[in-house]
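Some structures to go through are shown next.
Shared between the two complexes below is subunit A, which pairs with subunit B and subunit C, respectively.
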Partner chain A sequence: MSLADGTRPRHLPDRLSGRGARVLKSWELLLFGIAVLIFLANTQASQYFLDPWNLSDATFNFTEKAMIGFAMALLIISGEIDLSVAGIIALASTAMGWALQFGVGTPGLVAIGLAVGLLCGAFNGALVTRLGLPSIVVTIGTMSLFRGISYIVLGDQAFNGYPESFAWLGRGYVFWVISFELTLFAVFALIYGVVLHKTNFGRHIYTIGNNPTAARFSGIRVERVKMILFLLTGLMSGIAAICLTARLGSTRPSIAYAWELEVVTMVVLGGVSILGGSGSILGVVIAALVMGMVTFGLGLLNVPGIVMSIFIGALLIGVIAIPRLVAKLRRS
Partner chain B sequence: MNYSSDIAQGVTVPAEPVLRLSGITKTFPGVRALGDVELELYPGQVTALVGENGAGKSTLVKILTGIYQPDSGTIEVDGQETRFPTATAASDAGVTAIHQETVLFDELTVAENIFLGHAPRGRFGLIDWAAMNTKAKEILTRIGAQIGPSTVLRDLGIASKHLVAIARALSVDARVVVMDEPTASLSAAEIEELYELVERLKAEGKAILFISHKFDEIFRIADRYTVFRDGEMVEAGMIADVTETQLVEKMVGRAVDTIFPERDRRPGADVLTVAGYSHPTEFADIGFTLRRGEILGFYGLVGAGRSEFMQALFGVTRPSRGACRIDGKVAVIRSPVEAIEKGIVYVPEDRGAQGAVTAMPIFQNITLPSLRTTSHKGFVRMAEEFALARKYTERLDLRAASLDQNVGELSGGNQQKVVIAKWLATRPRVIILDEPTKGIDVGSKAAVHEFMAELAAEGLSVIMVSSEIPEILGMSDRVIVMREGRIAAEYDREGLTPETLVRAAAGYDGEAAA
Partner chain C sequence: MTLTRRLAIGLGLAASLMGTTAVAQDKMRIALVAKSLGNGFFEAAARGAEEAAEELGGTEIIYTGPTSTTAEGQIEVINSLIAQRVDAIAVSANDPDALVPALQKAMQRGITVISWDSGVAPEGREMHLAPSSDALIGQTIIKLAADHLPDGGKVAVLSATSTSTNQNTWIAEMEKVMGEYPDIEVVATVYGDDLADKSYREAQGLMQSYPDLDAIIAPTSVGIVAAAQAVQDEGKVGEVNVTGLGLPSEMAGAIESGASKSFAIWNPVDLGYTTAMIAHALATDEAAAEPGAEIDTGRMGSVTLDETNSAAMSEPFTYDESNIDEFKSIF
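Right after this comes the complex of A and B.
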């Protein structure tokens, strides 16, 4: 092939730096280092930490939140957000508990949990994509709306008496110390990782987050992609509601209170830009491990909950600020 | 130092440059933006900095104004070596810049805009409003601007805002004034005023660095020139010693045909027929036929509804009425997806906002509308993507470090090449180019023109929206002129003159019958 003026075209390499160089500079590696440090600190903090059953227990601190976190990561990368996820859990759990009063069995309860999640997601998605409302405002509204409904239904009561087969979804073990929830977490991590990083749909998500207008001008159905992401986030909240309700064995309207902030924190800590356009599922997985281990380690030390949130908050700001500080120091 | 004697005697070469850059090198990841660059600016003289997009002009301006730090090299002011670690340091050393798109504040007054950040202070460190307004008035008078200092900026037109930007640049005691494409958004009359202002600044002994793509203005006001090419300084000298053609050759590194490419102009069968396309507010009753291998030019004044119509044809907006046929079959286009499926693609005028995803790599930009062909069952295949991207970037002679480089790091001309490559990769039937060479340099411009001719020769039908008369006359087989949302006239290229086009676009006489 030759150009119009007869010269040979210049050859452009695919990439300049290899895979290794990019991994070394990645956010995920930094985060992984922090995870290792916290793990080591935990082993020093308590002699019981390394016990397999103990470690297995620790995973319950993050599995449910992380499942929502995967869908939330996709949503945030696309430039939207869903702050109603904890509200969805409360509503889905309430719906399941209410159905329980009529003798609905485990398959029915699961179906109800999933359906409520999807419906809530569809409601958020329709308000954002059909009416063009900003998702942060819509989901702050539905956050109160969804939980409000479960307060009206339950008042200061609780639904109890979930069947044993249902409880297994939150407390059961698939193999040795590997819980059903941990298995779900791993499977979803894989699925979301593949969807985001290996499919056309994932590429569309990144494009929309970076430049929605150019995405539209390139033939991407922007509204449809966003609608699917809201549905997925609702669905994952429904799944988290099933696991959490099964694990706790009861439904109160305050269930999963303020989880939306922990989920968003996990996603941002995982390196997903809150402005949209970048991030990875691997980052969210590592961030989930970090947050889970911090919570559990501090729990072993009998540190009160409020100190844990201070620690997580400081970690978030620290991890985000340090690379900037380093870059700034290098420049001057 | 006293330069006035020099000027009075008409001596054009003062002995010492006020600012001298030597050995300046600046690299970004994967790209060397500037390599061992020299630049000297003399008091009372205008030095034109010329080069294609991506030659390193903007990087140099950023180094001069303290925004970037060079990797190596020295900056001397009056023979004293110095550094500009911050924008303030550059400003304190007397270097000030007037940018293409100046940052001003609509809600503040003219005086506040001029003195933002260095307002005169009175007692207790409070702003001395009276002094500020007086000083602002002084500066405005000096540059011949009839603007009241207490006018709110929002109430001014674009040209007056530009004068405020210039006044702001002069409010610091500047010795070196950098003007980065200052005439880009000005009318002919306003450009004349700007030239007068430049003369006045010269008379005051300021050293001016003037960056422009327009050769007529360079030859009109510059005393010296410096040519950059691919991040290196090619040559510097006196304007009086070169011709326009020589300067272009130095810029591009080869001879450039100022004539448009010759090609076989025998359009084939009808490809696209549009009838009665109307929109509630933007355009009405647009109808035409586009043939295979034809370049159809759309000329008109800004706001004539050309882009709005093209976006409706591409499915971004929906027409209220009208029909469109492709190969004689009725085609319903309700979204860009449907337009792309039917082989109609659109290269928008607003590259940054609508064309390129600047934070994503070149290859992902190019494969965006073609993912269906590069992927397998919805899974991306990078190897296929790189192959497709390489095919089209090489054909367009893209200048980049790698296909994985972010589009935002490329120059304007190369970004445009990426957007064009993206659409060609979909193998379209009709390509709509909206101001395809706006804001890109001479070399890239010629490349885009040559490429358009090639595409047409291969049987692609091209619609070219352009406000540049030479481009319209040079490239089009037929020209449609739009005025106020309607087709004002349609012409064959044979015997078409600029005067006819301008008259039809402005609606001067009864000649404008379609």
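Right after this comes the complex of A and C.
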């Protein structure tokens, strides 16, 4: 089928039970299969893997990144991206450390962390939606800007001496081996899953990502939706900053260095199209588990970190390439 | 504490005890954690630790570390070492504070924890082994520059990152003794972030900003090589002397070309060796980590702990054209 001017129409899925949904489902199934394989391989490779406490410790590898990943998934589906998330963590953590010097307690620190996250998100969102600048350029800029402010405030110093009640947010356990961070991760997975897949707002995000012009003509307030997504990403970065700062018990300007790439990797590995328009929260959850297990499993074997990066890179390319290859083979 | 929680902990303990017996290792496993992998200094230290392990017998060295020099990366590594129930962890820390919770968890689970090279806050380790004392290093790096500037001159410092604990302490110690060198002026301190390309650009920048610069002091093994290369490329050999702390294998070319007249370093092989010796002694309870304790360190003699449970291994050693050939193949 082709249009009058010879171009092919863009496929715009309007409900999840279409062909798009089948692809989505198979993607998550593939990823889930990989997760199971990695889990089995890990249990075979190391006798220390299947230990509830060890597995619990390992969840800290991905919980904070995945929380940002949920909001980032929505943003990428809408056709935008935020590369400043690690910079926001640095700035939010610095603001909390600074406030700590004036005796601000745990509730105040949490409020400051959330507020700084939201402000940074608002700044990114305003530049993108009001001035119409491309988000990749804006957030590469704010990535350095936010972290740069931390470096100016802190230099080679560190803020520490966070209260016990604050430290619990990063190190505490809700029940047995279930940490507070892991609980947050699960709660946010649920919230973002419902928002993206069960609400009109979620449908708007897909529509914008698939065709912003059509979305505008359908009466969707594109700028407003994008602004909300930047605010959410900022907020989640603020929450990650609270958890990470509490876990480390100190703030240095190099905190969460290069996390933006790990977050984007997790989202893309989860099946979210980097071009926007498709993806699911379930995929991101499985991708987070896969990355966490790979990092921990290879760590148990004392495999050097660089090999882990190669493995994750290969996994990313493999998972993305396989469905395309299959589709190509089917067509020919 | 509720009954269910008590039960849960009891069960957890029982499970972990059973686990320990089931997987009990005959070998003592000492983990040597680097700031990051792929750094010649830490590779050399790992060889020293292997040497100690051979001498001790029945000891296995696990040499590991993160890809980039971040505290988060080291925490992941430490968590996986705790999970493997190693006998001792010896870490060169990327952040003295952030590693404390993870290392305290290791100590609670019966693992001997010491820091070496770059220290951890006292509550996060049993003892710290410094390669040398900060004061001696600070005095050495300025003396190296001053020795070749009898009439005084201008020097600049090319450091690692602005947050590097080591480099900042050494530069502070250097500044304390600047009174002894009235004719020498430190014109600038720049940061190459321990990245070869950035250090190179910073060194070039120094030579452009200060055309009459006489020496660059780089107290980092990455920075000193980059600075020597920059001096060579700018054709300033003989005008600008590059000195500081470096590895003989990486600096041999610079000594040969004359871009660097001399530099200093403690021996990382000795440092790794001493670290492994101390970790072994503490893990087997042959020695206790307490102020005033003297710990035997094999061919390196012994170290004595000060009131903060820190000890210094030895003074830095100066390398120049007379001994570079002998050491360049070692590390």
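Following the convention adopted for this analysis, the second predicted complex is superposed on the first by the 300 of 332 C-alpha atoms of A that agree within 3 Å, B and C clash if a C-alpha of one lies under 4 Å from a C-alpha of the other, contacts with A are read in each partner's own complex, and residues count from 1 in each chain.
By our rule, contacts are C-beta pairs under 8 Å (C-beta built on N, C-alpha and C of every residue); 3 or more make two chains touch, one makes a residue touch a chain.
Quick caveat, the model's predicted, so the values are computed rather than measured.
> Applying the document's definition of touch, where does A:T106 land relative to subunit B and subunit C: first, second, both, or neither?
Neither partner.
> Given the touch rule stated above, what does A:I306 touch, subunit B (first), subunit C (second), both, or neither?
second
> When the two structures are overlaid on chain A, which partner does A:T183 contact: first (subunit B), second (subunit C), both, or neither?
neither
> Just subunit B (first), just subunit C (second), both, or neither: which does A:Y151 touch?
So A:Y151 only meets subunit C here.
> Which partner does A:R247 contact after superposing on A: first (subunit B), second (subunit C), both, neither?
In the superposed model, A:R247 contacts subunit C only, not subunit B.
> In the overlay, answer first, second, both or neither for which of subunit B and subunit C A:T213 touches.
first
> Tell me which partner A:A58 touches in the superposition: subunit B (first), subunit C (second), both or neither.
So A:A58 only meets subunit C here.
> Is A:R171 touching the first partner subunit B, the second partner subunit C, both, or neither of them?
A:R171 sits against subunit C, while subunit B stays out of touch.
> Could you please specify the touching residues of subunit A with respect to subunit C in the complex?
Those residues of subunit A that touch subunit C are 46-49, 51-54, 57-58, 60-61, 151, 154-156, 158, 160, 167, 171, 176, 244, 247-250, 252-258, 295-296, 299-300, 302, 304-306, 308-309.
> Which stretch or stretches of subunit A touch subunit B in the complex?
For subunit A paired with subunit B, touching residues are 1, 3-5, 9-16, 198-203, 206-207, 210-211, 213-221, 277-278, 331-332.
> Can you check the complex and tell me which residues of subunit B touch subunit A?
Of all residues in subunit B, those touching subunit A are 29-30, 69, 85, 254, 261, 314, 316, 335-337, 339-340, 346, 348, 353-360, 363-364, 368-369, 371-372, 375, 378-380, 386, 390, 393-395, 397-405, 422, 447, 450-451, 454.
> Quick check on the complex: what are the subunit C residues that touch subunit A?
5, 8, 12, 15-16, 19, 22-23, 36-38, 62, 64-68, 70-73, 75-77, 79-80, 82-85, 95, 97-98, 100-101, 161-165, 168
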